[in-house]
Structure formats: structure tokens, C-alpha cells
Amino acid sequence: MTNFGYTIWIPLLPFLMFLLLGLAGNKLKAKLSGLLGTAGLAVITILSYFTAYKYFFGGENAEEGFQKIQAFNTVWLNLTDKLHIDLGILLDPISVMMLVVITTVSLMVHIYSLGYMKGEKGFERFFAFLSLFSFSMLGLVVATNIFQMYIFWELVGVSSFLLIGFYYTKPSAVRASKKAFIVTRFADLGFLIGILILSFNTKTFDFITLTDPSGPAFSQSTSAAFMGLSVMTWSMIFIFMGGVGKSAMFPFHVWLPDAMEGPTPVSALIHAATMVVAGVYLVARMFPIFSLTAPVALHVVAYVGAFSSLFAAIIACTQTDIKRVLAYSTMSQIGYMMLALGVSGYGGHEGLGYMASMFHLFTHAMFKALLFLGAGAIIHAVHSNDMTDMGGLRKYLPITHMTFLIACLTIAGIPPLSGFFSKDEILAAALHSNKLLFAVEYLVAGLTAFYMFRLYFSIFWGKDTHYHHTPHEAPFTMTIPLMILAVGSIVTGFIPFNELVTSDGKPFESELELMVAIPSVLVALFGIGFAYLLYFKTNGLPDKVAGFFKYGYKWAYNKFYIDEVYIFVTKQVIFRYISTPIAWFDRHVVDATMNLIASTTQNVSFRIRDFQSGQIQKYAFVFITGAVMLAILFIYFLN
Amino acid sequence: MTANQYMFILFALMIIVFSVLTVTTRKILRAATFLLFVLVSTSGLYFMLNYQFLAAIQLSLYAGGIVVLIIFSILLTSHISQKFESPGFKKVIFSALASAAGAILAIVTILDYNFSATTIAAKEVNMNAIGKGFLSVDYDGYVLPFEVISILLLASMIGAIVIAKKGGPAKVQTTTLNKE
Amino acid sequence: MDILSLFVVIPVLTITAILFLKDMKQVRVVSAIGMGVQLVLAAVLIYMYLTARHSGNTDEMLFVKDYIWYKSLNIHYAIGVDGISVAMIGLTSIVVIAGIFASWEVEYLRREFFISLILLATGVFGFFISIDLFTMFLFYELAVIPMYLLIGIWGTGPKEYSAMKLTLMLMGGSALLLLGLLGIYFNSAPGGGQLTFNILEISKITIPIAAQRIFFPLTFVGFGVLGALFPFHTWSPDGHASAPTAVSMLHAGVLMKLGGYGAFRVAIFLMPEAAKELSWIFIILTATSVVYGAFGAIVQKDLKYINAYSSVSHCGLVLFAILMMNKTAMNGAVLQMISHGLMTALFFALIGMIYGRTHTRLISEMGGLMKVIPFLSVCYVIAGLASLGLPGLSGFVAEMTIFVGAFQHPEPFYRGVTILAVSSIVITAVYILRVVAILLLGPTTNDHFTHLPDAKWYEKISVVTLIGAVAAIGLAPLWLSNMIGISLQPIVTKILAITPF
Amino acid sequence: MSAGIPVQYFLILATVMFFAGVYGFLTRRNLITILMSVELILNSVNINFLAFNRYLYPHKMEGMFFSIFVIAVAACEAAVAIAIIINIYRRFTTINVEDVNEMKF
């Protein structure tokens, strides 16, 4: 087997960069630290591409499918005799693919940030955090065992927390970062419990052992059941809960729109392309277990994904903050990926959904990063997030305009752009397994096209807004990544994923299903047309449509009041009805009991103090009476 | 009845009567006088018991020394004509009860007990024997208590002087006052 | 002189030196030197210990020395260490040196302050090296008494009340403990023969189960009071809130660990049968501590109260893990003791430093400190992240070891309670982030705080030492975990040998 | 000289004297009279010592020596006590025990 030992540097280099920038950042010049971070990432991007080439086209794997290669592994912590947490590097099709995705997007974002964040206070801190994030995310995808994944899972959560709260003097950013961390933390609790249950039953954390269809995970599948479902199903559902939180699926999606308070490059990197797909990656990583021993859990995945995609698409149609629209769109697209995994089977052509999901993950990373970076360029130009403040920007921002259009067409699924291919595979997979979900996804495809073009038309066409400063095109450090990603969005659709990334590592045949593709393109075109009608020129139509769906619009505009429910649960239930009573109980019952014991002792001693009157004659009287009585007692009674 | 029985009855009556008077009289100087009578009568008892040396000590030290000391202190601290207010009725009753109970218990016990008379010949207690006893380390020798008591006497002498010496905290106070 | 006794001798020598110093400025220097030597000594001890183990020495305790000092009750000055004690000694020496630097600017009765502080440290070191129950108890009391003076004299707020409460509750605990220890002593020779206080000798015999049922709860609760076992934890919030910085550090960082260590070394090790039988009661109590403390911390307004309640939660986890009675969970318990010791000391150090600048500990009166005092604020965030279990810092290692270990318990009841305890990680995140958000982030609300000075050099030493230790354990826990694990083998063997009654 | 008088008589006499002293100790308020009561008690003890010595162990001298020592101790005690009494009088201008209660909590 080819030697992949050098891959250890892929996560390690960003970590060293983080330490360097974090500890000595304020001593370096801001520009130098930015360049250092970018250079470090460029190196590992090259390494990752090299690894991908070597892994996929090295020529040794093609015969029997792609094997899982443990390039590096070391024991980090011994737990029980059998359980130990390792740190290592596992290379298989999806992890190699993720390496490519992460390093590409991350590098783009680094370059972009050099321009976008120029002059910001804390420039070097920003790059330190980006390096920390890159390290954590790379560590996550190459994890050799589920506990390593959990470790890096937490680390990406923290880097996300730090980056959302980058503008720490802004109260809304602080709130958003707190919310993101706590919501995902709650989901991670499920993940951890899932890991505990899983490891208790299988006595291993190791992915290779776990996902080996002849391994212990599968021999346990028929063992103890709880509430009608097998233990494995429960553990998978719990583990999926972690994925739901990180990937902002319903009902743990509330943090993602708020997370847009962070700097835009961060949104592009973390909250669009890489971290939020960690949930999808987690399910894909554990896929054999899901598919073969816990089909119920897989159904949960499918339905959660489908519901979230529809839910988010509806909300996206009503929002006006461009980054929030994109955030809901991200949620919707990830719902697609989840659904694809949920309807997939294991092995061969059955694993179409799996392949489609990974394919979509890949293409989505490109076009969504492009969208966010484009949005960043727009915000950079007009200093506003709200699309009602924009209009007719195509004249001022030609490059941004073109790349943004490409991205919109891609996400809408217009051939021959990449989004078309990946979405088509997902729809095909859904069609073969569940007609209801298939129908939902068609609807979502139409909605997606509609809201994306609503965004596009409102920003670049529509009314000619008067700006205080004439908007100008972003510097080349920002436009170059846009162009590269636009190229990526166009060409990645032609990558033969069915030969590279499959559920069991073996390639299978798949072709375009015209029965699925043609209607989906039509639906998308319909959505685009509808958006054109409403938003290409300023007219009263949008308000009329909104009036038509009166209550529906209001609910969707307010995000179906999920945030309010959360605020109720945290502020009211946890603070008012749990914590405050507990704090009260502690002070006024537990502590008061202790104080009561003390004050009782004091009272009693005050009472018996009178015996010690200080009057010698009283003492003498007591002494003599006592002596006489004792004498009588001993002489006459005890003798 | 022999003469010494009369003598005993006389001393006994004096002791009992004057003891009781000592603790009940309401004039302090009288109490001291009655105490003197008790101590003198006691020394009479010592003569009867053939302990002449001790009787002499009793007379000189107790009657002559301590009582005088007490009278001096009375003169220093009290008005001679002053009558004590009588102690509280409850206090009297309870104290009397306790004392009477103790006395009765002791007397009953004494009467119950059968003292066997001894036939051993009495030892002559003369000054020679006493002197030897004090300064001997043999059996019947008391040199250690003798030494201890001499230290004690010295200590109490110094102590009495120090305590009674005018001054102490009060003096410090006055000097500071003067300085101001 | 053997190396272990040096741990008691050096503090005593330091105290003697301080007594004869004329210049008050030298007092802190001498203290720092003395405790610095102690830190070096601890490092040497760890090295010697690892070398001895590496060369194949498989004795239960190493460097054992035994001198009799009260013959009629067979009380010995018996000392020896295993991996757990060595780890705890390392923890103590780090926290003590950090505490010395954190109290660099104590003005009032400086000499007496440092003497009390070092006396306290002496008690703690003595406790950890003792393997004779009576000597252990003696050192334990030696550590508690200076605490009273330190809080009562150098404290803030209602210090007399707090000092009295803390001391009385701990004394109440030690009364139970003394009963328990004497109970063990009088049952230490069930077959007749010489009674003994020596832990190693007692561990070789089985104390009659009837006696265990009485004395296990006494001993466990006695140590549990110090380990903030619910409902005997209420001294902790008041005590910490009133205590001066270094004392809070030492108390939460080290003294509370005496409880966990004692519960493990004495209660569980000597009476495993009763422990197994009665563990469910204490499991419920400790799991309550864990969740209850965390919820209690959410709504507190005073920084020190928040941290005190979080200590209740974290220390509850220690006792919880000990009671799970398997190797992994116990290993986690020891790791948690060390980790909590370091990070709570860090917390209290930072709170003290912030208080020294803002003169308030109410979070509602502060805000946006990150902009004003970035160094301290960043350290506070790191401490917070360690506390909520961020991988790469020590809290994560300890908690995960505990959770995985506890979940290996064969009975479903215990696994269910474990899940309850696991849920505390979310609540911890809530209160930590709440504090960080209100205290450090956001705009600077109070104008008086805009020109606060950042950390001085001695404060930096104190904080960086602790953070360094936290990160070192968090990044490379294997050697520590293995060192503890090997020493847990005797007790695990003993537990496995239990025949159910 | 003590012929014809049983030992019990001496003992009863001493007992009466003793409890008279006790009574005085309990009822008197004046410190000096309390001191006198104490002297009575000591005296009664002396009588007992001597009576026992003479009647039961005439060949020994312990009782007598004890009495001598008791007298010596009584003398010391009286001296110190009177010194204290005078000091108290100076301080409080009274020697009534019930009024001297500085040490009482």
C-alpha cells in the first residue's frame, strides 16, 4: 500500500499556524500574519490535492474498490481494556473528498479575507481562528474513530463560536455565538450519549471495526431492545442528533441564521461549505451501521432532512437579509443531502443516494461558498445586509454579478452546471425509494430557484437605488476567489462520483435519468420565471402575493416562531422554573437547614448558660447537694 | 461521769453553739469573735486528745494569727456597726436543708459503723518525735511535705504582698492620668 | 532524608525562615522560593516514580518509610506514594506556587498570611503522602485550621460568618470521619492481633461487613463534606465568596480534592463491600450534586458564587465516578480532581485579579472587559472552555474518562444515572457562556473600567503556570492516565474479588 | 485524757462543725464571713484527723502531721484570700460576692 504518512501534516500545519498566530500574533505585523496563515493553507491544499490524486488515481484501488487506509494512528488516551481514544488519519473516498473540499474552500476564504478583513481590528486573531477551524475540521474528517470525531466535533463548535463572536463588542454577535454554541452543545449531548451506548455494546470506537459488515457492531444488532427499538437504533438516533445540531436541521436549526452575525468569509467557510455538512459526513461515515442495523434511524434521517429542506425553503422566500436567505438555503440544501442518505441503501446501485449526497455536498460547497463570498463582496460595496437597500448593482459590480449569476443558476439546477447533476441524482434516489419525499423535493427545487432568483433580481436588477457612495468592485484578492469558485461550480458536475465515492467503495454504473431530470429543470425554470415576474422590475406584485398567503407569509417571515419557542424554553423554563427555584432551594432550604442547626445550638447554649451564673455559692450549693445525693445513692441504694 | 467527760461536753457545746453563731450572726465583728471562741475550744479538744503541740499551734496560729488577720481585714473593709441584711428565705431554707441532710447522713453513717478499739500501745508524741518526723526520710518521715509547705508559705507570702500592694491596673490608670 | 518527608520539611523550613525575616518584602520572595523548590521536588518525584515503575517495581506504594510515634495505639508516621498521590502532589505544588504569586500584593499582615498559606500547604502535602490513617487525619486537620484564619482575617464580605460556617461544617465532617477511622481501626484485626492504622495492612484484610455498613457511610460522608457532597456543600459558596484569592484557589483547587482522595483511598479502598452495597444511595446524591450545582450556577450573580456552584457540580462528578467502582471511572475521577483543581484555581485567580481592578464581583456591574484587559479576559475564556470540557484542555479528558467508565457499569440503573450526569455538560456550557458573554464581551458598559491595567508580571506567572498545566494534560493525557491507571490496579483487583453477599 | 469518750462523739462534733461551715459558705454574702466558714470546715477536718489518729492508730503520727500541714495551708490560704479580698474591695468598694461578677459571661 502506498505510504500516506505525510498526511499527518495536513491537520498539523494549521494547528501550528494557530499556535504561532495565537501566541505571537500581536507581535507580528497584521499583513504578515494573514499571509502566513494563507501560505500555510496553500501548502496543505497542495498536499490534499496530491493525496486525492494518489488515492483515487494511484492505480492500486480501482480493482476491488477503494479501501480504508489508516495512514497514521496513535493512542491518545486509554479508557478501558478495549476502549481507547486514538488520534489518527483515516483515508477513504469520503475523507479524501472532504479534504479537497475543505482545503479548497478554506484557501479561497483565506485569500478573500486578506481583502475583506483588511484594516479590521484583530486581523491576526481572525487568521488564528481560521487556522484553528481548519485544523479542527480536517481532524474531524480524517478521524479514525468516533471519539476522535467527537473531539474535533467539539473543536469546530468552539472555532465556530469564536468566529461568530469575532466582533465581540457587538451584542447581537455575542448573542448569536452563544446561541450557536449552546444549541449545538445540546445536540452534542445526544452525540455523546450515542457514542456511549454504541461503545458499550460494540466495545470499540474504531471506524474500520465499526463499519465492517462482519464486525461486532453487526453481531450486536439483534441484542437488547428498549421501547421497541434495538439498542443500535437508539444509539444511531442519538448520534444523528449530534449531526442534526451541527448541520442545522430542524429542530436545531435556530442557530444558523443568527450565526450570520460573523464576518462573511466565516459564513462562507464554516456555515455554508464545511462545518455544517459535518452532520451529513457523520451519517455517511456511520452509513453501513445505519443502513444495515438501524433502518429506523435512517428513516428518521430521511424525514428530518426532507422536512428541514422544505421548511427552510419556505422561510427563505420571505427573508430580506441576504445572508439569512443564504443561510436558510444552506439548511435546505443540507436537508437534501440528509434525505439522499436517508433513502439510500448499502452497496452497488442501491447506494445511489449515498453517492448523490456526497456529490451534492461537494458541489454545494463550491457554489454556496461562491454565493456567500459574492454576498460578502456586495455587502462590502454597499455596507448593508438588507436586500431592500439594494438594486441595480450589476453596473457597479460586474464580476460579482457574473459569478453570482452562475452560482444562482447552479443552485437552481440548470444544466450543465454542477448543481444540476448532483440534485438530479438525489431526486432519482428519492424516486426509487419514497414517492412522498420525492414530491417534497420537487417542490423544494422550485422554491429554491424562486428564492435564489428573488435575491438575484432584487440585488442586481430591480429599482435603481441611490447610494451614498458609489459602490465599486472589490479588490482582486476578493474577486479571484470568486472566479475560481465559479469555475469550480461549473466543472465539478462532470466528476464521475459514481466511480469514486460510493457506499461500499466499489464503483457502479449510473446515468442521467431523463424522466427525473427534465421535470426538475422545468420546475426550476418555472421558479425563475416567477421570480422574474415579481422582482425583475419594481412592481406591487410581491406585496399582492404576500397578501394572498396572509398568515402563511407572516408565519414564514417570523420563521414559524421557533426562536420564540426556544427563548421560552431557555428564559422561562430553564431560568425561571428550574434554575431560580434550585438556587432558592439551595439558599433557603439546604443552607437554611445548616444555619438552623447552628442557630439551634446557639439557642440551646444561651438557655443553659444560666447554669453558669458565675455565683460561687450556687455552684457550691449544687456541688454539696450533689455530693450528698451521690453519697446517699451509693450508701443506701447501690450497696 | 468523769471530769474529762464534763470537759468534753463543755467544749463540744461551746464549739457547736459558737459555730452556729459564727455563720448566723448578722454583725461581722461578732462573727469573728465567735470564730475565735470556736478555735480556742478546738484547741481544748486537742489537749484532751493529748496533742499538746498541735493545741499550741492552734492557739497561736489560728486564734492568734488568722483571726487577727481576719479582724484586720474586717476593719479595713467594713463598718463595724453595719448589720448584714439577712439572706433570702429560700436560700436559708435550701442551704439549711442541704447542710442538715449532709450532717444527718454523716452522723447516721458514723453511728452505724462499728469502730473497733485498738489494743496497740500508744506512741508518745513528744517534741523529739515531731521534730524527727518532720526532718526524716524514713517511714513516718515528712521531709518532702515539709519542704513543699515551706515553699508554699513563701509563695503565698509573696503572692499576698503582690496582690494586696496598692497599684495594679488602677495605679497605671492614675499615672497616665497624671501625665495628661 | 527520604524524598517524601521533604514535602513536609520544606514548607516547615520556609515558615521558619519567614518567621525570622525582618523585611516584609522578602516574605513573599522567600515563600515563592520555598514553594518553587517544592514544585521542582514534585517534578523530581514524578520522574523518580516513573523511573521506578519503569524499572519494574510493582509495589503498591513506593518510597515507603515507617516510623512509630505513638506506640500504645500503634500510630505510625508511615509514608508512601502511588501514582495517584504523586499526581495529587504535582497538582498541589502547581496550585500552591500559583497561589503565592496570585497573593503577591497582600499588604495586611503579610508575614502571617504567607505562614498560614504555607501551613495549609503542609497539611495537604502531608495528607497525600500518609498511608497511616491517623497521621493522615492529623494532616487533614492541619490543613483545615489555617483556612479559618485565612478567611476570617484576610477575607472580604461577611468573612467571620463564612469562616465560621466553613470551619464548623468541615469540623463536623471530620468528626464523622474520626468516628469512621476509629471504627476501621478497631476492626482492623478481626482475627485478633495488633490493631493498626496502616492502610496497606488494613487493605489486606476484610473488615467485617456489619462494621463496614456503619463505618463506610461515616467515612464517605466525612470526606464527602470536604468534597462538597450534596446536601453538605453549602459552606462552599459562602466560603469561596469571602475567601481571599489564594485561599479560594487552594481551597477549591486542592483542599476539596482531599475529600475525593480520602473517599477513594480510605472509604472505597478499605471497605469495598459496603461501598458496592450502598453505592446507589451516594450515586443518587452525587448525580444530584452534578446537575443541581450546574443549574444553581446558572442564575448566580456573583462570579465567585458561580464558580463555587460549578465546583459543586464538578466535584460531584469526582465522587460519582469513584462510586462507579471500575478502573476507568476511577481513573477519570483522579483526572477530574487534577483537572478541576487546576482550572478552578485558574478561575479563582482570575476572579481575584478582576475583582482587584473593578472592586466588584457582580457580573451585572461589569461588561466588555475583553477590550480593557485582554490578557486576563482571554485567560478567563480559556478557563471557561476548560471548564465546559473543550478537547485539548484537561476538563475534556477527565469528563470523558468518567463518562465512558461510568457507562461501562453492568447495571442499567447506573448507566441511566450516568446519562443524567452527562447532561451537565450542556448546563455547564450555558452558565460559562452566560458569564463570558456578560462579563467579557459586548461593549464596555462602565466608564470607570475603561482604563484598567492589564495583568502584572506576577499575575501572568500565576495564570500561565495554571493554563500551561491545563493544556499539557489536555493535549497529552496518556502518561498521566497510565500512571494513575497502574496504581488503580490493587483496588480494582480487590473489587473484582468481592463475593456478593 | 480521752478515756470514757467514744470516738463517735468527736466525729459527730466535727460533722456538726463541718456542716455549720457549709451552711455559712452557702448563705453568707460577705467574702470575709465566707472565709470564716471555710476556716470552720478546715478545723472540723483537723478534729477528725486527730480523733482517728488517737483512737484507731495511736502508734502512728500521720493524723497529727496532716493536721499540721492543714493548718499551714490554711494560714497561707487565709493570707492570700485576705489579700485578694482587700484588692477586690479597692476595685469594687464592696466585698459582696454577688456584686463581684465581672468574669460572668
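By letter and in written order, the chains are A, B, C and D; residue numbering begins at 1 in each of them.
Keep this in mind: a contact is a pair of C-beta atoms (placed from the backbone, for glycine too) under 8 Å apart; a residue touches a chain by one contact, two chains touch by 3 or more.
Keep in mind that what you see is a predicted model, and the values were worked out from it rather than measured.
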Between A-B and B-D, the pair joined by more C-beta contacts: B-D
Centre-of-Cα separation between chain D and chain B, whole angstrom: 5
Chain centre separation (chain B, chain C; CA means) in Å: 66
Inter-chain centre distance, chain A versus chain B - centres from mean C-alpha coordinates, in Å: 100
Contacts with 2+ other chains: residues of chain B: 94-95, 98-99, 102
Contacts with 2+ other chains: residues of chain D: 22, 26-27
Junction residues of chain C, two or more chains touched: none
Interchain contacts, given as pairs of chains that touch: A-B, A-C, A-D, B-D
Touching residues on chain A, where the partner in the complex is chain D: 609, 612-617, 620-621, 624
Residues on chain B engaged by chain D in the complex (per definition of touch): 2, 4-5, 8, 12, 15-16, 19-20, 22-24, 28, 31-32, 35, 38-39, 42, 45-51, 53-54, 57-58, 61-62, 65-66, 69-70, 72-74, 76-78, 84, 87, 91-92, 94-96, 98-100, 102-103, 106-107, 110-111, 115, 117-118, 120-123, 125, 129-130, 133-134, 140, 142, 145, 149, 152-153, 155-157, 159-161, 163-164, 166, 168, 170
In the complex, chain A residues that touch chain C: 75-80, 83, 85, 147, 150-152, 154-155, 158, 165, 168-171, 174-175, 178, 181-182, 185-186, 188-189, 192-193, 196-197, 199-200, 570, 574-575, 578-580, 582-583, 586, 590-591, 593-595, 598
Sites on chain A touched by chain B in the complex: 621, 624-625, 627-628, 631-632, 635
Residues of chain C touching chain A in the complex: 165, 168-169, 230-231, 233-235, 237-238, 292, 295-296, 298-300, 326-328, 368, 370-371, 385, 388-392, 396-397, 400-401, 403-405, 407-408, 415, 418-419, 422-423, 425-426, 429-430, 433-434, 437, 440-444, 477-478, 481-482, 485
